[in-house]
Structures are given as C-alpha cells and as structure tokens.
Amino acid sequence: MQEQPAGGPNRTRWTPSGEEQKHTWGWVLQAVTGMLVLLLVTLHMIANHFVVQRGLRDFAAVVAYLSNPLVVVLEVLFLVVVTWHGLLGLRAVLFDFGFSRRVESWITRVLWVVGVAIVFYGLWLTWVIASYH
Amino acid sequence: MTDVMDPGFDTHSTEAPGRPFRFRVFRYKQGDRAPHFEEFSLHVAEDTTVLDALTAIRNRLDPTLVLRHSCFHASCGTCGLRVNDREAMACVTKVVDLKSPVIKVEPIANQALVADLVTDMVDFYARFNAIGRAFVQAVAGPPDAATPEGVGHYSRFENCIECGLCLSACPIVASDPRYLGPAALAAAWRAVEEPRGLDPNAILQLTDDEQGSWRCHAAFECSEACPANVDPAGAIMLLRQRQVGEQLRSMLGGRRR
Amino acid sequence: MSERLVEQSPAGREGVDSAAVQRRTDGASPRRRGVASWGDPRGRRLGGWAFVLHRVTGLGILIYLFLHLAVLSLLARGPSAWDDFVSIALSPFFLFFDVVLIFGLLAHGLNGIRVTLVGFGLVVDRQKAMFVALMVLGAIILIVAALRIFEVG
Amino acid sequence: MSQASSAPHVVVVGGGGTGAAVAHDLVLRGMSITLVERGELTSGTTGRHHGLLHSGARYAVKDRESAVECIEENRILRRIAPGSFELNDGLFVAITPEDEACEPLFFESCLASGVPARRVTREEALRMEPNLNPALRCAVQVPDGTMDAMRLPLRFFATARRNGATIKPFTEAVAMTIVQNPGGRCVTGVAVQDHMNGRRYEIGADIVVNATGPWGEKIARLAGVDVPIQPSPGILVAVRGRYCNMVINRLHESGDGDIVLPQRELSVIGTSSWVTDDPDHLAVPANHVEEMFRQGSAMIPAIRSAQTRATWSAARPLIGERGASTGRELSRTFKCFDHAAEDGVEGFVTISGGKATTLRAMAEATADVICRKLGIESPCRTREYPLLAHTDYYA
C-alpha cells in the first residue's frame, strides 16, 4: 500500500499550547481529586449533618468534634482536595472562554493564590477552634 | 446500465402535489452588514431531502443562493448544514422526517462564512492536516469481514467524510478556536490505532496537550452530529486512555512504546 | 507532498495562502457560537445536557464552598455568634437550600463518576445509559435526603 | 504568476473532474488559467458518480477503444494519485447460464484490450466475496477500483492551484464576450456573476473552454454555437453496509452490466438511463429505485433487505444526436470540439462525454487542441506528474 503524504508536521497550522509539561497529569489529578471529594464529601455530610441531632452542631459540639485528630486530618484533607478540584475546574471553564494566553496565565496565578489562601484560612480556623478546647 | 424508458414517479419531487413546507434559509453575501433569513415555500414528496429542496430553491426560485454539495449520498461531506438547530447532512435528511412545517437552514457554526450556506473549510483542514492522514486505504479490510455481521467492523476513521459537523456541534470549539477539535483528534486516534507509515508516538505527544485531547469535556455532541459513525468523542477518550498509559509507563521508568 | 513536486510554484507558501484567502470572506466573522451557546438548549442531546449540568453544578458548588467557608468564620467569633447562626440555618427556608446543595453534589459527583470512567476510555459506548442510571440513582438519594432533612427540621 | 504576463490566458468554465484536469494540464504547459464554477467544485455530475475506477473490462467486448483508454488511464491515475483508490479489483460475475455463455468472449476481449483478467471459479469467488449469490456460475477478476468521486478531482484542483491556476467556485458564467472579426466571431472573454458577493464582472480570455458536462449545450449557446450533448441521467442507490469489498459487475451479454461498489460503509448500486433536457432537474423515479434493488440483489441477495441511505440521480454528458430516447444509443467516448473549425467561432472549445476514469486523457486532448490553436509547442506532462493531496486544496 502506498501511503499518501497528506501533509507533515512542517505544515501544521494548529499549534499545541507550547507548554512543556504534559497535560495528562492535570486531567488525572482532576479525576483523582474528584473521586476523593466524592468520598470525603459523603463522609463530611454524614458526619456533620446526617448523624448529628437537628443536622447541625452547636458550638460546643463542633469543638468536641474537632478534638479528634483523625477528624482534623480528614477535614483538612477534604478542604485541600475540594479546593484543588474546584479551582482547577473553574480554570477549565474559564479557559474555554478563549482568552489570550496572557490573561490565562494570570487566571492560573490568581487561582493559585486563592487556593493557597483558602487552605491557610482553613488551617487557621481549625487551630482557633481547637484552641477553645 | 439498465434502460428504463419511462422515468415514472419522482420520489424526490419538490412540486405539487406534495406536502407544503416553509424553508427559512440563512442568507448572506460578502459586503452585507448582517445575515438574514429568507423564506421559501416548496412542496415535498416522501423522499425529498433538504438538499433536494435547497437545489430546487436555487434552480427555480433564486439562482443566487449558494450552497455546497457534491455526492448526494453523505460520502463527500460537503452539504453539512444546521437544520432546525441540529447538524445534519442535507443530502440524507428527508424533509418530512423533520416533523416541522418550518425548516430552518443555516451554515455550520464555528467556521468562517463565505456566503449564504457556504463556509470556508480552510480552518477544518488546518486542524485535520496537523495530524496528516491518508483518506483511503488500499483495501479496506479482509474480504471475510464483508459479511453482514462483519459490516460493523468497518467503522473506521477513514469513514470520516471531513464535513465539519463535529466542529459545528462541539461546545468547546464554539468558544475557543485553539482547541484542536473532534475530527483531527479522531484522525489522531486512527493513526495511533493503525499507523500505516505515520509515527504514533509523535501523534500521541502532539495531541497530549491542553489544546488537544485534554480539552474535550465529554459533551459527546460531536459523536451525535457525525453522519459517518466516526464517533470522535469515543476516539478522543481512547486516545486519552493511551496517553495516560504512556505517561504511567514513562513515569515508572519504562520506555515509551 | 515534498516541495520538489511543486514546479513553477509562483510564490511558495505565500502563493498558496493567498489562494486560500481567495475563498475567504471580506470580514465575515467565523460565526462562532460562543460561550453563550452553552446556555442554548436548542438541538442539544443528552451528552450536551450532561456537559452543561456538570458546569452549572460545579460552579454552584464552588460558590457554595466560598460561602460555607465564610460562614464558618463565625466559629472564630465565639459560641454565641455560631449558635445564633445555627438557629437561623435550621429554618425551612435554609433547609430548602440544603436540598438544592445536595442536588448539586449528587448531579456533579455522580456524573463525575461517568466523566472519569469515560475520560479514561472506559465504557465510552455506554455513556448515555450510564448518565441515565446515575441520575436515577441520584434522584433516589435526593428524595431520601430531602425527607430526612425536613423530618429533622 | 511566475509566468510572463504574456502567457495566454485560458478560462475554463466548469469545476468538475474535466475542468480540474484541464486546468492542471494547461497550467503545466505554461498557460495562465482561471476556472469558474457556478456552485461548489464537483457539484455537477462529477461528485455524483458511483466512484468506479474503470479497468476497461466493461467496454472490452463492444468498444475496444474505450477499454484500452480506460486501462491506460487506470494505470496512470494509480501512479499519479496514490492513496486515492481502494485497489480492491473488480469481479464480473455470471449468474445465469446465458451469462456464463458470454464468459469466453468477455475474457478474451479483456486480454485483447490489455485489461489483465483472471478466471475465478464459483468457489473462489464465494470465498473472496461471501455475500455473492451462491447461484453464480463463474467470475472474472479485473483491476477495477473505487475512488472518492470528489477527492480525486480535488487533487487536480489542489495541484493546479499550487502551480498558479486561479480557481473560482460560486462564480457563474452568465454570458460570453463575443467580437465580430472579419473571419468570423471570436469569444474573447466570459461575463461571470460572483454569487459570494453578487458582483458581476468580465474575465478576458484567449481561449474559453466549456467543460460543463451535461450543461455543455447551455454554455455553448452563450457563445452562439450548438453542441450535440445529450444529458442522460441515471439513478444510483446507496445502502448501509459494505456488502462487498470488490467492485461487483454483472457479466452480461451486453458487457454493460449492473454494478455494486463498496464506498466506505456503504454499498452503491447503479445504474439506469434515460434522457432529459434539463440537467438541473433530475428526477429519482420510484420504478428505477426498485429496478436497482432487483438488479443488485441478483448479484448480492442481501441487498434486497438492506437499508437505503440515499437515492439520487446523475446526468451523464453523452455526445450524440438529439432525439435519442435512451442513453444507451449514445456514444460513451469523449470529444473535444474546436468550434472554430466546426461552427466558425474562434476562441471557444468544448470538451464533453467521457468518464471519470478518463478525466486526465480528456484534459490532454483538450490541451492539445488549445496548444495547436495558440501555436504553442508544449508536451503534456500530466502522465507522470504526481498530484498533491486533496487536503492541500484547503491548505
């Protein structure tokens, strides 16, 4: 069979994003964090609302709940994972608007700052509540 | 060749007695400030297609109407249009099957408009050519696959008729022209699946990109729109599977295949 | 095709490009449907609905996450601030929003399972059936959760 | 243009396979070319044909000249347009004893025409094509092929344009510019209507080529000449499913057979014949559709229950006297009319008749006539000149 040379890479007009890193991992992380969120949100909802009388803890109960180190670890992990998943998802949606590459790199930077701030805020809040104990 | 003296009843007639339909046709000539819709009335028979109706409009009602068509059996891919808000090949879309007294006909979306129902295919091929693919195999398969049960196995990329309906239907292409798009990614998967002289690794790496296979958000509108069973969305997902596999392999120290 | 085949090529690549431009329009836009088309329900099939549902619920949940974290700051302001909020949050009005939240979580989470499987090239040809099945499962869970919430309220 | 601006300017009217090949041939001979087409390229008869790359076997018994021409062009096209054909060969199948009685003459005629042919037993034929009618008696294998009816001409267009031709689709020839010279009338240009912007303008030409197939008479009338072109429509039916891998022809007494071709996931069945005056209005008669299913299922019984994908008609541009009642009475060869010699109109040439397989040969004959008229000595180069990919047309 004779192959027809229907254009080679030198005549490509569509260009890849030009970024070195492979984007496989972005997707894989989004999928993995998504599944983790699904698991942790289920635990979070059950632990904080469905097994709690009246569905919401009063202040004392919150403090008592967070005195368990395993709970602290799970809730902080949940926050980290849900923040990652949510902000990466937001980034994907924003990138679909077709802004310029400059705007897109700013979006990425801002989202990093927001994400880090959220996690630090969560850690601070946990520390504040734990110190009531 | 079979000689039949009497041409008989025309199953694709666009004349009375047939059922009357109104066609709202997208009109635009270069230099117009904005496109508009123009309405034409035609009678149609049971087998009359949207393409029959449009060519009848051009031949009898308005010779300035331009549209693309060539093969009349959904093999060339030129007459892809948006009919009543859905992508369709005009030549195999029967008017009566649309079950609507008004038929809205527009050019495919997300492509540069030339005039009326004609779009410029340069953008489509700029993506398509990024992969580089022959469109016909020397022989399309072993003869024993030609049985009725084996017919399904011919669902191969070369079925792609390069019509651009997938680009018109894709919500991501609708908002961002940088996305490589379904047709070219499906071509990429075909090349990985059956390289025939192309380098599958180069194609895997080229499309393992934020503007490549990872840009798809699984709306599957391309596969719904495809008139040739290429299933571009399915191809994109299989491409991703292979890309993840290759990345894992290289991370674990194995060499890329 | 290799360049040697191209004899008498007048201006190389430029010649070809200008020829391509012959067919281009004077300034007509590409008629890109744009981001607005995500909200256009006309002509959409099941997968397209799933795509829109996933985006809308995802953005909704993200907004909720910000609100939720903001509200939790009341905890830092001591017992009375938090306990006052708790009494408001248990009003039927707020409970309705809890049901909406659970709807969003279920729709996004369950469709997320489908998107993940499909995205890894698994059960791609069953994606529609999977969407229907997961949404039916979600509806059942939502009804159970809603009953539980209002029973408690 | 790299050619001197003094290069003769030829306007080709008609963007089908013939026009494409004519533009390609002339531009290689150093001429400046503008091609105009009313609609999209290949939107006339070219795109609608069944996509058969003739081996010539179909004409071997009754029209040896056509058969020789087909096998020669078949070989040339495979060479200059690799990748455009499914090299799947054709099978002429004898179903009835009457069919079988024709086989020796058919086989010998193929060989005598230079068409490689191989006798195939009933068992071997059924092994190669399991869907064939098990009642078949014998078969002959020949180097038929299938092509994409649009994309092969697109390769000619792509190559012609890369070499400097100007291709103008959606541009309709509406009038000829005619000058009255002492020696007679002379066509000096074409008035066209650009349907993309509604503008009307004139294109000057040293020669105007009428390559509009079944519309040939209509265009010739613009130049005030009459050409004996009879549009002869035939119907084609595409069914879902690839019921054969080879081109299946009926081995008939006429040698004219009925045909089933694989095209992607479809099988295309052809074809009938009648005559019309208006190639723009082609009926798809119900009784012809039935006839296609009858003829097709005689060779491949499963076609009887196949799902129809499309039915359509295409008009052949046959050369012959008006008044013929069917297409069969008319010649299947092509002819280039120099209207200076035949009608006293200078600067106007019509090419018509022929088959998709012979598009290059038709272009060569036309270009020879044009070179002779213009006094240019430039040999035809299209036999060896490889064509660009169809995708390059849009590059």
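Order as written gives the chain letters A, B, C and D; numbering starts at 1 within each chain.
In this text, a contact is a pair of C-beta atoms (placed from the backbone, for glycine too) under 8 Å apart; a residue touches a chain by one contact, two chains touch by 3 or more.
Being a predicted model, the structure only gives us computed values, none of them experimental.
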Quiz item: Between chain pairs B-D and A-C, which one is joined by a greater number of C-beta pairs in contact?
Solution: B-D
Quiz item: Using C-alpha centroids, which chain lies at the maximum separation from subunit D?
Solution: A
Quiz item: Just curious, how far off is subunit D from subunit B if you go by their C-alpha centres, in Å?
Solution: 25
Exercise. Round to the nearest whole Å and give the separation of the Cα centres of subunit C and subunit D.
Key: 51
Quiz item: Any idea how many Å lie between the Cα centroids of subunit A and subunit D?
Solution: 61
Quiz item: Just curious, how far off is subunit C from subunit A if you go by their C-alpha centres, in Å?
Solution: 15
Quiz item: Which parts of subunit C, given as residue numbers and ranges, touch two or more other chains?
Solution: 1, 20, 23, 25-26, 35, 55, 115, 119-120
Self-check item: Where subunit B touches two or more other chains at once, by residue number
Solution: 30-31, 114-115, 122, 126, 129, 134-139, 175, 177, 217, 240, 244
Quiz item: What positions in subunit A touch 2 or more of the other chains?
Solution: 1-7, 11, 27, 96-97
Quiz item: Contact residues on subunit B for subunit C in the complex?
Solution: 28, 30-31, 82, 84-87, 107, 109-115, 119-120, 122-123, 171, 174-175, 177, 217-221, 223-224, 231, 233-234, 237-242, 244
Quiz prompt | Residue numbers on subunit B that touch subunit A, as the complex places them | solution = 126-127, 129-130, 132-139, 172, 175-178, 180, 184, 196-198, 202, 206, 208-212, 214, 217, 240, 243-244, 247
Quiz item: Can you list the subunit D residues touching subunit B in their complex?
Solution: 39-43, 46-48, 51, 83-88, 127-131, 147-151, 170, 172, 193, 195-198, 234, 236, 238, 241-246, 256-258, 262-266, 268, 270-274, 280-281, 283-289, 291-292, 295, 302, 309-312, 314, 325-328, 390-391, 394-395
Self-check item: Interfacial residue positions of subunit C with respect to subunit A in the complex
Solution: 1-2, 35, 55, 58-59, 61-62, 65, 69, 72-73, 75-76, 78-79, 82-83, 86, 89-90, 98, 102, 105, 109, 112-113, 115-116, 119-120, 145, 148-149, 152-153
Practice problem: Quick one: which bits of subunit B touch subunit D in the complex? Just the residue numbers, please. | Solution: 1-13, 29-31, 47, 49, 55, 59, 63-76, 78, 91-92, 114-116, 118, 121-122, 124-126, 128-129, 134-148, 151, 154-155, 158-159, 161, 228-229
